[in-house]
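Every chain is named by a letter (A, B, C and D) in the order it is written, and numbering of its residues begins at 1.
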Amino acid sequence: MPVSTPDLAFVLTLSCPNRVGIVYAVSKFLFERGLNITDSAQYDDLSTGRFFMRVAFAVTDAPHSRDELQAAFATVAEGLDMVWTLRDRAVKPRVMILVSKFDHCLIDLLYRTSIGELDMEIPAIVSNHRDAYQLAAAYDIPFHHLPVSRDNKEEQEDRLLDLARREAVDLIVLARYMQILSDRMCASLPCPAINIHHSFLPSFKGAMPYHQAHKRGVKLIGATAHYVTPDLDEGPIIEQDIARVTHAMTPEDLIAVGRDTEKLVLARAVRLHIEDRILPNDHKTVVFR
Amino acid sequence: MPVSTPDLAFVLTLSCPNRVGIVYAVSKFLFERGLNITDSAQYDDLSTGRFFMRVAFAVTDAPHSRDELQAAFATVAEGLDMVWTLRDRAVKPRVMILVSKFDHCLIDLLYRTSIGELDMEIPAIVSNHRDAYQLAAAYDIPFHHLPVSRDNKEEQEDRLLDLARREAVDLIVLARYMQILSDRMCASLPCPAINIHHSFLPSFKGAMPYHQAHKRGVKLIGATAHYVTPDLDEGPIIEQDIARVTHAMTPEDLIAVGRDTEKLVLARAVRLHIEDRILPNDHKTVVFR
Amino acid sequence: MPVSTPDLAFVLTLSCPNRVGIVYAVSKFLFERGLNITDSAQYDDLSTGRFFMRVAFAVTDAPHSRDELQAAFATVAEGLDMVWTLRDRAVKPRVMILVSKFDHCLIDLLYRTSIGELDMEIPAIVSNHRDAYQLAAAYDIPFHHLPVSRDNKEEQEDRLLDLARREAVDLIVLARYMQILSDRMCASLPCPAINIHHSFLPSFKGAMPYHQAHKRGVKLIGATAHYVTPDLDEGPIIEQDIARVTHAMTPEDLIAVGRDTEKLVLARAVRLHIEDRILPNDHKTVVFR
Amino acid sequence: MPVSTPDLAFVLTLSCPNRVGIVYAVSKFLFERGLNITDSAQYDDLSTGRFFMRVAFAVTDAPHSRDELQAAFATVAEGLDMVWTLRDRAVKPRVMILVSKFDHCLIDLLYRTSIGELDMEIPAIVSNHRDAYQLAAAYDIPFHHLPVSRDNKEEQEDRLLDLARREAVDLIVLARYMQILSDRMCASLPCPAINIHHSFLPSFKGAMPYHQAHKRGVKLIGATAHYVTPDLDEGPIIEQDIARVTHAMTPEDLIAVGRDTEKLVLARAVRLHIEDRILPNDHKTVVFR
């Protein structure tokens, strides 16, 4: 997955029932408009007969607006029964970050965004604690303190949803946000949400995974970035990685070692998402690097 | 963990309740006999107050037999309430290998042994299928065909145990042996047994782990070498490793990719064991690399 | 890179000056013949303006021979100034393996081929030593002993080239073949040749790279698979990997650790090549996984 | 290498000509003072006959000052011709950080220090650019702007050396400091200095290593932390790691990918150093993890 991106460019993602001629139809559409394919990847899921494709293309001669292309491609898409998206890469995705006390993932995302490695905007940081407000201030991002107790959870979730809608966010990132989202909230999310779980799923779901890993005596610990669904830690997996540990490490040592893995895995997942490299495939993901 | 080993050498492993003076007692014992410590590692388990140590030493001047050292060290060990072993490195551990149809781990162990990378003897290969007999013949190792059916399982396990005792084996390796050992057999084993499980435990225990992994959509697959206990896939973990996979891979692809990880993880675990680098610590392992 | 492959299938690789419409031209060609694209990858080298593409496609309805498709595509290719290949995946590539004394890479390639992981034929094993003849016999592959001395090098290289031509080999693999090929021979090779060098190139070119690595005190050692060119260890790199080492390891330990890396890297490179996943790009490679 | 450390503890490192009785002498010294060994590691360099040891020990009963232990151990050390250090772990090492424009390593070191992962003090940040001053301010660390031109290099190096002496720093870290230190300065350093080089040394020494790597078409890029010596990029290597790259990545992409490797490698090297886990061995390092 290369890091640099051209300036005037679009990304088309699609999935549809597999049949002969899909690539032809897409390339014909682009060719007729003088649009140059800069990257392309595809996948046939033979077990389900479903086809997935991501095409990045650049405008060379004639100007084309996203709306114009969107309208024109709808005809192609309808004929092939496509689920599809078209994104103007010049428009930065808006990403809201949720965090609790541990701020290593938040700091990492803010830094990568500030130097342009993550090509996105962060219109809001939300936390159930006050700890991160100075960090938000340093990066000039509005900070929303929404403390959660047994009594106000529903109310605070509503405020969170309102904020996401008001800010028109395209993605919510749970960067070590230690509150479990209610089923009601999961069902009402206005956009996808990515969570970082600090274990190699499906091992060690739920609370205190590093302590679980220590107790079991594993020799590797992991981290998993996945989309949020009502089933806790059961959402489609986007990215995973691991680090080597030894018998001599305490649970606190695992937590320290794990921070680096969590940061990297979450940053990669966010990047893959905002670059439209992840296509949902039932309860799994197709990831075009 | 360096590969080369000196010729005339011993390895002492011990564990005991932690207290001041253990290292002193051991080094005094060795110094008084003119024995040179060539490698040493230790671990205090602060959560249990237990101390673990591995000391490799070489005979420099005077000749010392293992029996003489064994008798002399017993006094030191008793005073400190040690569980301990002393091994003459010139005596090769005797390792019996069990295999079913998939022979990649078997081939790998045979090759590593043949070139001296694994410093051990293999007095017997046992299988519930005939497939591996030519391989055994190529390496001049007795092959025992013990087919297992619902009716003869207990009987065949008895024959397996008899063989292990008759050949005085120090270690049994289940190199993709696809029969579950009965509780009775696990309890009767005359020596430790190492199994390779083709998943990143504790994920995907039991049957067809690669199919389970494919179904869950994980982005890494793993392999785990562990000691055999009556609890299936729950024994103390020795070594684990992983390989990266993608959405485009079928279960058969995962099986192919996994072979390399299985081979490496099992070979490392066997080597760690026969070099006395693994000390049991309740249901976990202390591994001195 | 998935392992499994369909039965009736072709792979087209091409490179040409970049322009709008290449993908369209290729997909139109395939669509008009009712051929289904099963995998596709492309790359624009922005620094040279050259375009690279690999398309795997399957015959669904009508029967198509390779020759017929070859003739038909020639017109498309000419118009776009393509360098291109078309391969019937049912025809196994013929691979000749060269080896000297160390046989770990040879054994590994033979095993992977025998279980179908590498979809190729091995019509000949050539060595300047006799050591591998029994291994060749076990796999029923003709073994050619071509000992090389200062006096007969040119003559033996000629016999090697004759053999490669006579057996119509598609690829020569130097699986730890410790003779340097002469410039004359490199220029006369009838097909590509892949070498495994036991270092992380461009570090430690030439002789005894593990001893060089030990002397420098590196903390990782590597292996590199590359195409053979007259410039020793300077050919286009296909694949590399590394293993962690420590201060405690001797050069012999590095050699032992390195064997696993060499095997894996060479096997991956051979697989990428025979699956037409590597396209030359001047002195570098484009690798479509 | 576990992360957590006890409160009242010392670390002894030593190297000396190898002979029987070194471990005995050290453990006797500690035992007679009621000091409990909490960690111990050793290494015999068989090629040079030199012995290396690191012993961590905790004060249990009687109070012992560092000075008292230092004086007492001097007798033991002299008799065995030791080069040795003794450090009170309660006294944090003082680390001065040098940086130029790229601040990812600096930010990483600051964050790890702020959460206690790196147990050290940072009395000064020095840069030849102004860019990092706000970062220094956020962490309340004095920032010294020492711009370097052809004319003032010697003068500025003197100021740097003065600062290091005045602040009594134990370690200088070149966290992407892009000025080459003069031979004169290297020879005058009052303490060790660690540099992060953005390549897998010995490949791609000197300027623009990512561009060199891109030109050669390598499939992995690396980073190397090493001690500074007058020979540029030739100092003893402490730690290395790599990341996988592809043909599709530009030099700018390599720079982005490399940042993560650089951060991790430098942080590990600094941690190993401040925990006295690195012993010099001629132009190489002994690293006790």
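Everything below uses one rule, namely that a contact is a pair of C-beta atoms (placed from the backbone, for glycine too) under 8 Å apart; a residue touches a chain by one contact, two chains touch by 3 or more.
This is a predicted model, so every value here is computed, not measured.
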| message | Since chain A and chain D are copies of the same chain sequence, what is the angle of the rotation superposing the Cα atoms of one on the other, rounded to the nearest 5°? | response | 180
| query | Do the two copies chain A and chain B share over half of their interface residue numbers, or under half; same or different? | reply | same
| said: Among the chains here, which has the CA centroid at the largest distance from chain B's centroid? | reply: A
| note | Cα centroid separation, chain A vs chain C, in Å, comes to 37
| said: Measuring centre to centre with CA averages, how many angstrom lie between chain C and chain D? | reply: 42
| query | Listing for chain B: what residues touch at least two other chains? | reply | 246, 248, 250
| message | Using the touch definition from the top, list the residues of chain A that touch chain C in their complex. | response | 18, 20-21, 23-24, 27-28, 30-31, 34-42, 44, 60
| Interface residues, chain C side, partner chain D - complex | 43, 46-47, 200-204, 216-220, 222, 236-242, 246-248, 250, 281, 283-287
| Across the complex, what residues on chain D touch chain A? | 1-4, 104, 107, 111, 115, 117, 138, 246, 248-250, 252-253, 256-257, 259-260, 264
